[in-house]
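Each of the two complexes below includes subunit A, the first together with subunit B, the second together with subunit C.
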Partner chain A sequence: MSVGPGAFLALAAVLFAAGLYGAVARRGPLAVLMSLQMMAIAVNLNIVTFTRFVTPAEQAGKLLPVFSLTVAVLHLGLGVALVSGASRRARSVQRGSAGPAGAGER
Partner chain B sequence: MELNLADIAFWLLSAISIAGAATAVFTRDVMRLTLGLGVFLLSVAGWFLYFGHAFVAIAQVFVYVGGVLVLILFAIMFLHRSEQGLPELTSRHALDSAVVAVGVAVLVITSLREYVTGQLPTVGGADAEIGVSLLGAYLPHFEAAGVLLLAALVAAVVIVGGEKR
Partner chain C sequence: MYASDLAFAVLALAALGGAAGVLLSRSTVHAVLWSLESSVAVAGLYVLLSAEFLALAVVILWGGAASLALLVTIAVTARHGEPVSRPREGSLRAAVLAVAFAALMLARIAGADLATAETAVAPRMRDLGEALFAEPALMAASGALSLMLLLVMIAGVWWSRGGDGR
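Right, the complex of A and B next:
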């Protein structure tokens, strides 16, 4: 493998930044959640890279991505639950509006 | 520079990852967004395979592609059905967000100059050892993750369905 760890870390940085862009620029809460997942996955990619290049013999390096993945998916599940719970009380949920957005439309 | 198979896999996976991520981030159509996310998630599973983490790759496909993507599709269909037409996904702060994201990318990449170098030893340990260590030395962590998942499941049920009628 002639590709060094820097390339992987740079790729993870680009993916993290793409997720950051989505998390900041998007309006829909589900799109924001997806972007946050993208950031978490970029971090996971970093974990795998460091496992490969720094401590390849450690067993913990293979388990850490599993736990990290579990927690990230758990956040997403709670986020989707919050969004759908909030959207039951208000017609539309939009970031940047404190109250139930669109409640006055009805 | 001569290309070997690992290099080709690296560049191919990079292109797929970045294309999927860019689609997921920049498109306005919600179905294309989900499709781009799916491509991105599958490419990340490819990355795990590239590093020899077959177990994590399978977990990625099962959890993310099989679970998360379906959950997101379900949520999109369910939540935006009563809206007029497609959900609103346009961005108000596109330029500011782009500046922030590019800044962070440049910051992280420039800080990578002094990255760790060295020879590449092979990754030790078969996937069967993961199961042994999950139920052995890492049993408390495993159980803690299980308790966390249960708590999150109960919380999700309470948040979504706990409303008194």
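Right, the complex of A and C next:
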């Protein structure tokens, strides 16, 4: 393969910077989660690049991204649960607020 | 030009395009779809890097499970009559931070002497599986990760029910 590690690392840096922008600038929790997902993808790309080009025979280097990927999916799962719970709580507060019955539903 | 160069160029453009789509799209559903596209492109890059197992895991976990979870959350949390799309958000400080980070990293990468060891043979999937169950440290790490997954699943169910057990 003629593409060197520099190209992959540069791509990962740009992806991480894009995720960083999204995580700081966006306000919606799901948009922030997706930006964090992008940053995790960039970190994994870095790990795989170093494993492939620097220590290709090391098996632990091939398994480390799997662990990293699982932890990233864990944080996404927790984030989704938090968003869902917060939405549920906001709805029940709306239902309990003053006003015509059922006005705050949906 | 090698076929791998062309594949890298196409996949890199697709990954960057997906990232731009996530940041620029006003609809959250569209952002999830762009994120899915970017994940699949990065999985293609993993194949180029001889990490086929990880590419498969990315497609299944990011492309399948994570995107589905995000879409279901959007469907569950969207209120009736409320548009899913939002006005485009931007922040000059965030843009400066991201550009400064990217410039710093690209300058470091351009100036680095990255020694490569391309002649070594990449391990097969069978070797990876054997290493996972032969190395005590890796086995302990995978056990800890499984326990963490279970705890997160319980916490996720508890939180999504409102955090009060009802």
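Here is the rule we use: the second predicted complex is superposed on the first by the 90 of 106 C-alpha atoms of A that agree within 3 Å, B and C clash if a C-alpha of one lies under 4 Å from a C-alpha of the other, contacts with A are read in each partner's own complex, and residues count from 1 in each chain.
Heads up, the rule we're going with is that a contact is a pair of C-beta atoms (placed from the backbone, for glycine too) under 8 Å apart; a residue touches a chain by one contact, two chains touch by 3 or more.
Quantities reported herein were computed from a predicted structural model and do not represent experimental measurements.
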item	value
Touched partner set for A:V48, first subunit B, second subunit C, both or neither	both
Interface residues of subunit A shared between complexes with subunit B and subunit C	1-7, 9-11, 13-22, 24-28, 30-31, 33-35, 37-38, 41, 44-45, 48-49, 51-54, 56-57, 59-60, 62-63, 65-67, 69-71, 73-74, 76-78, 80-85, 87-88, 92
Residue numbers on subunit C that touch subunit A, as the complex places them	2, 4-5, 8, 12, 15-16, 19-20, 22-23, 28, 31-32, 35, 38-39, 42, 45-46, 48-51, 53-54, 57-58, 61-62, 65-66, 69-70, 73-74, 76-77, 79-81, 86, 89-91, 93-95, 97-99, 101-102, 105-106, 109-110, 112, 114-118, 120-123, 127-128, 131-132, 135, 138, 141-142, 145, 148-149, 152-153, 155-157, 159-163
Parts of subunit B lying in touch with subunit A, wherever the complex brings them together	1, 4, 6-7, 10, 14, 17-18, 21-22, 24-25, 30, 33-34, 37, 40-41, 44, 47-48, 51-53, 55-56, 59-60, 63-64, 67-68, 71-72, 75-76, 78-79, 82-83, 87-94, 96-98, 100-102, 104-105, 108-109, 112, 115-118, 120-125, 129-130, 133-134, 137-138, 141, 145, 148-149, 152-153, 155-156, 159-160, 163
In the complex with subunit B, residue positions of subunit A that touch it	1-7, 9-11, 13-22, 24-28, 30-31, 33-35, 37-38, 41, 44-45, 48-49, 51-54, 56-57, 59-60, 62-63, 65-67, 69-71, 73-74, 76-78, 80-85, 87-88, 91-92, 94
Of all residues in subunit A, those that touch subunit C in their complex	1-11, 13-22, 24-28, 30-31, 33-35, 37-38, 41, 44-45, 48-49, 51-57, 59-60, 62-63, 65-67, 69-71, 73-74, 76-78, 80-85, 87-89, 92, 106
